[in-house]
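Listed below are the structures to be examined.
There are two complexes below, and they share chain A, which is joined by chain B in the first and by chain C in the second.
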Partner chain A sequence: MERTLLGSTFLFTFLFVSLGICLAGIIFRIARWFAVDTGPEAGFIPVKKRVSAVLKGTAAALFSLKFLKIFKVLFFDLLLQSRILKTSLSRWIMHFSIFFGFMMLLLMHALDEIITKRLFPGYFPTLDPFQFLRNLFGVMVIVGVGIAVYRRLRYRGPMLITRYTDRYAVALLAVIIVSGFLEESSKMISESSFNRMMSGYFSACEPHDETALKAFWSREYGSVFPTMKFRITPELLARGKKLSEESCASCHADTRTAFISYPAAGFMKPFALSLSKSRAEVWLYYIHVLACFIGLAYLPFSKFFHLITDPLTLLVNGISDKKKVNPLTAMPRRAMELDACTECGTCSRYCSVAPVFRMLQNTEILPMHKLRTVKRLASGKDMDSAELQIISEGAFICTTCFKCTEVCPAGINLQDQWLASRELLSETGHPLPHVWLKKFNASEWSDRMRYFEASWKEADAGKERYYNLTDDSNVFAPCIQCQTCTNVCPVVAARTDPKDAVDITPHKIMNLLRLGLHDLALGSRMVWDCTTCYQCQENCPQGIKVTDIIYELKNRAYEHFKKIDRTAEINEDPC
Partner chain B sequence: MALPKSHNYDPKHVFDIMVIGSGIAGMAASLFSVNRKLSTVQAGSVGGTLFASGLFDLMAIHPVEEKRVWADPWEAIAALRKQGSLHPYARISDDAIQSAFEEIASFLSSAGMAYRFEKNRNLPVITSMGTIKHTYCVPESMWHGVEAYNEKAPCLIIDFNGLREFSGRQISSTLREEWPGLRAVRISFPDTEGLNEVHPVHLAQALELSAVRESLAARIQPEIREARYAGFPAVLGIKKTAAICAHLEKLLGIPVFEIPMMPASVPGFRLKEIFDSVLPPKGLLRLIDKRVESVARLDNGNFILNIGGPDQEQFIQARGVILATGRFMGKGLLSDRKGIYEPLFHLPLHQPESRISWHHERFLDPSGHPINSAGVEVDDSFRAVDGTGKTIYDNLFIAGSILAHQDWMRMKCGSGLAIATAYAAVNAFINNFMNKSDRITA
Partner chain C sequence: MKFAFFKGCKIPYYLEQYGSSTRAVLKTFGVRLLELDFCCCGYPNRDLHFESFVLSAARNMALAEKKNLDILTPCKCCYGSLKHAFHFLHENERLRRDINAELAKEGLVWKGKSTVKHLLTVLCDDIGLPAIYASIVKPLGGLSVAAHYGCHALRPSNIVHFDDPLAPSIFEDLISATGAKPVGWPRRLDCCGNPLWGKNNAISLALMRTKIADAYESGADCICTACTYCQLQFDAIQSSVKTDNAASPELPSILYTQLLGLSMGLPERLLGIKRNIIPVEKLKIV
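Coming up: the complex of A and B.
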């Protein structure tokens, strides 16, 4: 059987089919970036416009003087992966090992005909340093994958989720690398390979030359000749060494520098005969190469797609102004970013409201989960109202503090994703609570509450966890209605537009509580616009916890009103 | 006196004096203490200061039953003394009261809130109700109001749409007979058109901006006509009142003045801001919003004061304490079924025999109610005494409205009493305790 790739039509066909699938897949996925609707401009910007805007933007970026920025992104963010290093050294070691090992194997080994040979005219895969480096890079990938698997086995929780895509990616990588090593080892011990090489590149001058060469190789380079019996003498070895230097050394370095395959070959020695007979090295070669081709075809649909999306995202967001979002290019960019997420969980680990998740157990608070949901929303998946309500709640808890965007290794502008998806949510009738709250004024809410009271009384019994101030009349009884709280309130001061004015000011809220009119206090704008600056509480001459009370009312209102709101349309007029 | 930076509420660190309460009396006591280089710590919530109208009464009405108004406060105080009253003023000399006022006024003036008073005369001040209040010491920003009233000069009172607590029309109609030249106008404060309610502190904050003053002046300008004074509700800024008045006077071309409003008002806010921001740099350790929960006395006589609740306990050790916790509103005095009591030191109180005799039968009885004169009795050094007149602790001094035998609200002596007794208490602490005590004081 021919041993080179170029001669095999089967492999060639396989390669081209894989390449075709890969290219088609990439084109398909990139094309989708222009079709998916995200954010408030959704639907208003025709695909054509999006394409031309992106092209224009790309051209503008290329011809602008942003080289330094581009270089910075390429060198630090891509090559050195500094964004991962910023957040975790161990994760950087893991990812960098895989990335660097894999890329070097791809460029120097898989594409050796095209790249390595051109760069190093004397290149031969079995020569050093190539042989050594190949083993080194292979080890790097294995170590990286090992750390990745270990992390996932050790940590099980919402911050790091292992999905099928992760398993496939790891399995494929493992098959490629392990089969590569095994192929190399089995070739080392294969008698038939040795014979084939010998018949091609060696001609014996003396009768014992063949035996001498074999003796030398079996002693020094780990070759195994199970069918041969010879007595190794120093003379024989010396002759073998000379012959090897004359005929083999130009293409073969010491096999020991293949520091993984060589010891592995040692382990395989007992099975050398059967391995050689079954031509194991050829089968392993096929497994190795076909696994690579499958990986190629699978790339656009797998986690490996981030090899394309992440550099692009890093570049795009690295050179564009995060504060000024261009609506024309925003949608394709957002769609690309959705593909760039590898669900590494960094964002969730740095999320400043993650502690709220621990309280509420709503995973839609965690950025990693949220982005997946945004993806589902963008792809137009049907979600029921209850699900949307949960999503809206999660989105509401986000403070858009920018931390997730700061740490995302893929450079995704998460901030913008959140803002855009919030708009989408409100368009689908699930705006944030402080928005839907303004649907009714305080007394309308209180009417609705009374109307629905009966229905949620039973459901809610004993459910109220964290309230205690507003039920305790001692808390607000000392209020003397001096209005200091209202007087110092910056929210009241800031609302200069009568339409927007605070309807029930802090001192009036205290009065409503004193009068037992909790319901009316709940729906007031004050409760929802309060910035919790604590001015009122600090200045209250009676030491009433005004801010704490208002904050509690807000939580209480949310708990109650979200149940009412869903049915509000059906019962337009409850009175 | 600079605070040791490492203090960190170490109960072993000994302060000279702890002032409990941050009403006018507490603030004045803290000022006098830091001025005298005592290491001072003070606790208390915003409290009464916010309610102060900004006017410092000395003494205007006596006896309460007759509602006799005195033109000269010193004469009123002299009358008190002559009748053998136990009023705290009877234990302080006129000179000391005068010095106390001067010290406070010069402090406030250096902090940007100047005061004016005349030596032997109470000043008539228009109130937001249109009544005339007789007080001793007025903020500079209200001074032209006193002049305008004295001259009965043509005067324009401006009020604002949505400002609930102030009505120019009520003032002018109440004073019409006495002061025909008074005219009221209601306008919208810039940028509040259409609002149902506006709030004094917000207006004051807005007026700190010159653009707002200019637009306000433009609205008032056409209304001035014959008027020679312009009176505003007391909202002319918080920190820069003097500059704001000057600017408005320039824009309007006539003197302007403020009219005190119902508490809690902007001038009270100004006082609070000054005390809060200027005293700590002078060396006061101010435990803002902290209450003294309980007190213990060490063998060496020093007090250990437990600050804050059980969840965040802090302890302060001090050689002496000035108790200025006010009466019922400040919670310096509490009441239960048996009567009233002082919760921190459990001091014996002068109080009516039983709850029934707290009040006279008629709620609006002009002589006030016996409960209004209840409180802590003291010796000439303002140390608390028991029923027999014996000093209870040689290092516990009392100041302000918690003192017995005064009805500041009816006698119109609130701030004066607070300031003068704080002055007397701090001086007594130094002269009769620090300098005399054989206890180690270093």
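Coming up: the complex of A and C.
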């Protein structure tokens, strides 16, 4: 059997179908970047404008003098993957092994007819250094995949999620590489392959030449001839060596340089006869090649799509200023970035508010989860108010510290994604707590509180708190209502809105607590408009911790009010 | 002298010049700054959830403790937050135990061995005014500066221990060293309004404008800050709501590290003078 692709109509058809699916998939996914709405610009920038802006921007970038920047991205970020190295050596070893090993196998081995043969006229897959390198690159991929699997087994939890896409990607890579090695090994020990090669490239001059060649190959190169019996003598080996040098060496290096396949072949020797009879090397070849084609077709729909999106993202964000966002190209760029995320979890590991997640256990605080949610929102998924409320909590706990953007190996402008999604959330009625908490005034919240949850004190009963200033009368009982707190409060002084002016002032909050009317204090605007400047606490002649009390009221209010449906109507008076 | 440099969340994206100017100034005094894998100080989340605020702050202090370093922060809100958490962890044993149990998951522990210091304290006390006076090569004579103190470093004094809460002088002393003249202004200890930005912009701006008008009437050429949030308020936010109202003039705001750096003759680039949105060039000190 001639092992070229073109020789098999079946494989040839398969390749073209796979290529077709791959290209169609890529085009489909890229086209979507222009269609989906990923930010507050959605309303006033039609799809046409987005396309033309991106084309103009690309042309401008290509013809500008940004070569140095482009080169830097290509060399350091893409080729050396320095952004991964910046955060973790082990992850870099993992990723670089897979990337470099796989790329080299693709260029040197899979595309050998097109690339390697032209660069090296004497190329033959079974010659060194190609044979050796193929094993080396294969080992790199296996080592990388091994580390990846280990990491995913070792670190489970919200920081590193393993989805079916990860499993498929890893499994496919493993199948490709392992089948490749096994094919090489099975060929080494296949008697039928040997006979086929011999009949094609070897003609015996003397009667024992065939035996001599086989004897030499079985001794030196690991070939196995289960159907033959011969007594190996030094003379026979010497003759075999000479014949091998004459007929085989121009295309075959020592099989031992295939340092994985050779020992693997050794293990397979006991089964050599049945493997040879069942033409194992042929079906292993089919598995190997078909797995590659399946990978090709699957590429645009799998984790492998990052092979396209990540270099693009790195290039786009590498040459543009992350702090100055062009509104015309912002949405396609964000959509591309959403596809570029591989959920590697680096952002979440460096997230400034990760400790808050540890306490609140809302995964929407973690950037990796947040980006997935942004993607779901962009794809137009319907979410109910309760779900959006949870998303909003995460979005506004983020301090936009820029750290995730700096560490993202794919170069995603996460900062911009967060700022854009916050705007969208605010527009849809899920702004930051300080804003939605002012939707109702103190007595309206109090009504709602009673309607949904009996009263604050009842809901709170039995909870162990580290501090309980608002429930401890010793804390606020000394208040003599002298109003010093109110008089020094800059917020009270600055209020000009008459709607705000009727609300409660600091000394009145102290009074409400003294009267046991906690529910009324919770939702007061004073509490949410407090600047926490500590003037009241510093100046209180009775030493009351006024600001700390206000902080505690905010905590309690948030804890209870976030559970209350803000959209529901309350018709009856529960009292 | 070596510190763990706690930049806080806003400097890297919104106020790079504060980070670079702080580094530049402290370098000339031989102060080494080490950036650790810090997270948020906890301040923004104190409104919503006490325990998350304490855990965030404790984690940062524990990181510095592990390196046997004291913390230096240029931000007064970070300073206040870390100091508060220190206080709560110190006085509440149950809180300390639970927080340490959480920290233990990443091999950290809070023992309260690292001190938290604000940049101004390090300049005034650790480096000392004489050394600062000695470093001035270009005194900024003729410039009147309104020192804006910043609430979270100053109050509550029994927890933050920064300066006298009712009559502080550290900032004026440091401004005098640069050759500039600190002006007396009635509202110097008031809030800049930034804590309410995005939450109640009307009040936030009212607080800011009251202060600016006061500084202007008191004869100041500019406001000087030593806090990330205060500077954002007086620079980025003031310029974003600019009006042509002659009664409420725009007053530039300069970071203390920029002011000091200029008087020390440090290169403008390191001080990030051009990054200030309201240009300080018209002060004729650059």
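Here, the second predicted complex is superposed on the first by the 437 of 575 C-alpha atoms of A that agree within 3 Å, B and C clash if a C-alpha of one lies under 4 Å from a C-alpha of the other, contacts with A are read in each partner's own complex, and residues count from 1 in each chain.
Operating definition for what follows: a contact is a pair of C-beta atoms (placed from the backbone, for glycine too) under 8 Å apart; a residue touches a chain by one contact, two chains touch by 3 or more.
Since the structure is predicted, the reported quantities are computational estimates derived from the model, not experimental observations.
S.K.: If you stack the two complexes on chain A, which partner ends up touching A:401: first (chain B), second (chain C), both, or neither?
M.R.: second
S.K.: Tell me which touches more residues of chain A here: chain C or chain B.
M.R.: C
S.K.: Between chain B (first) and chain C (second), which, if any, makes contact with A:541: first, second, both or neither?
M.R.: The answer is first: A:541 touches chain B but not chain C.
S.K.: Where does A:505 make contact in the superposed view: on chain B (first), on chain C (second), on both, or on neither?
M.R.: first
S.K.: Name the contact category of A:487: first (chain B only), second (chain C only), both, or neither.
M.R.: Touch partner of A:487: chain B, not chain C.
S.K.: Output check: A:112 vs chain B and chain C. Expected answer is one of first, second, both, neither. What do you get?
M.R.: Neither partner.
S.K.: Tell me the contact category for A:354 with respect to chain B and chain C: first, second, both or neither.
M.R.: Touch partner of A:354: chain C, not chain B.
S.K.: Report for A:434: first if it touches chain B alone, second if chain C alone, otherwise both or neither.
M.R.: second
S.K.: Taking the superposition on A as described, I'd like to know which of chain B and chain C A:532 touches: first, second, both or neither.
M.R.: second
S.K.: Is A:552 touching the first partner chain B, the second partner chain C, both, or neither of them?
M.R.: A:552: touches chain C, not chain B.
S.K.: Under the contact definition given at the top, report the residues of chain A touching chain B in one complex and chain C in the other.
M.R.: Common to the two interfaces on chain A: residues 495-497, 538.
S.K.: Using the touch rule from the top, collect the residues of chain A that touch chain B in their complex.
M.R.: Listed in rising order, the residues of chain A that touch chain B are 480, 482-484, 486-489, 492-493, 495-498, 501, 505, 538-541, 543.
S.K.: Given the complex with chain C, which residues does chain A contribute to the contact?
M.R.: That would be residues 323, 350-356, 358-360, 397, 399-403, 406, 415, 432-435, 438, 466-467, 490-491, 494-497, 528-529, 531-535, 537-538, 545, 547, 551-552, 554-555, 558-559 of chain A.
S.K.: Give every residue of chain C touching chain A within the complex, in rising order.
M.R.: For chain C paired with chain A, touching residues are 9-10, 12-13, 37-40, 42, 44-52, 55-56, 59, 88, 92, 94-95, 102, 151-152, 154-157, 165-166, 190-191, 193, 195-196, 198-200, 202-203, 206-207, 210.
S.K.: In the complex formed with chain A, which residues of chain B make contact?
M.R.: Touching chain A from chain B are residues 45-48, 50-51, 191-197, 199-202, 205-206, 263-264, 269, 288-289, 291, 329.
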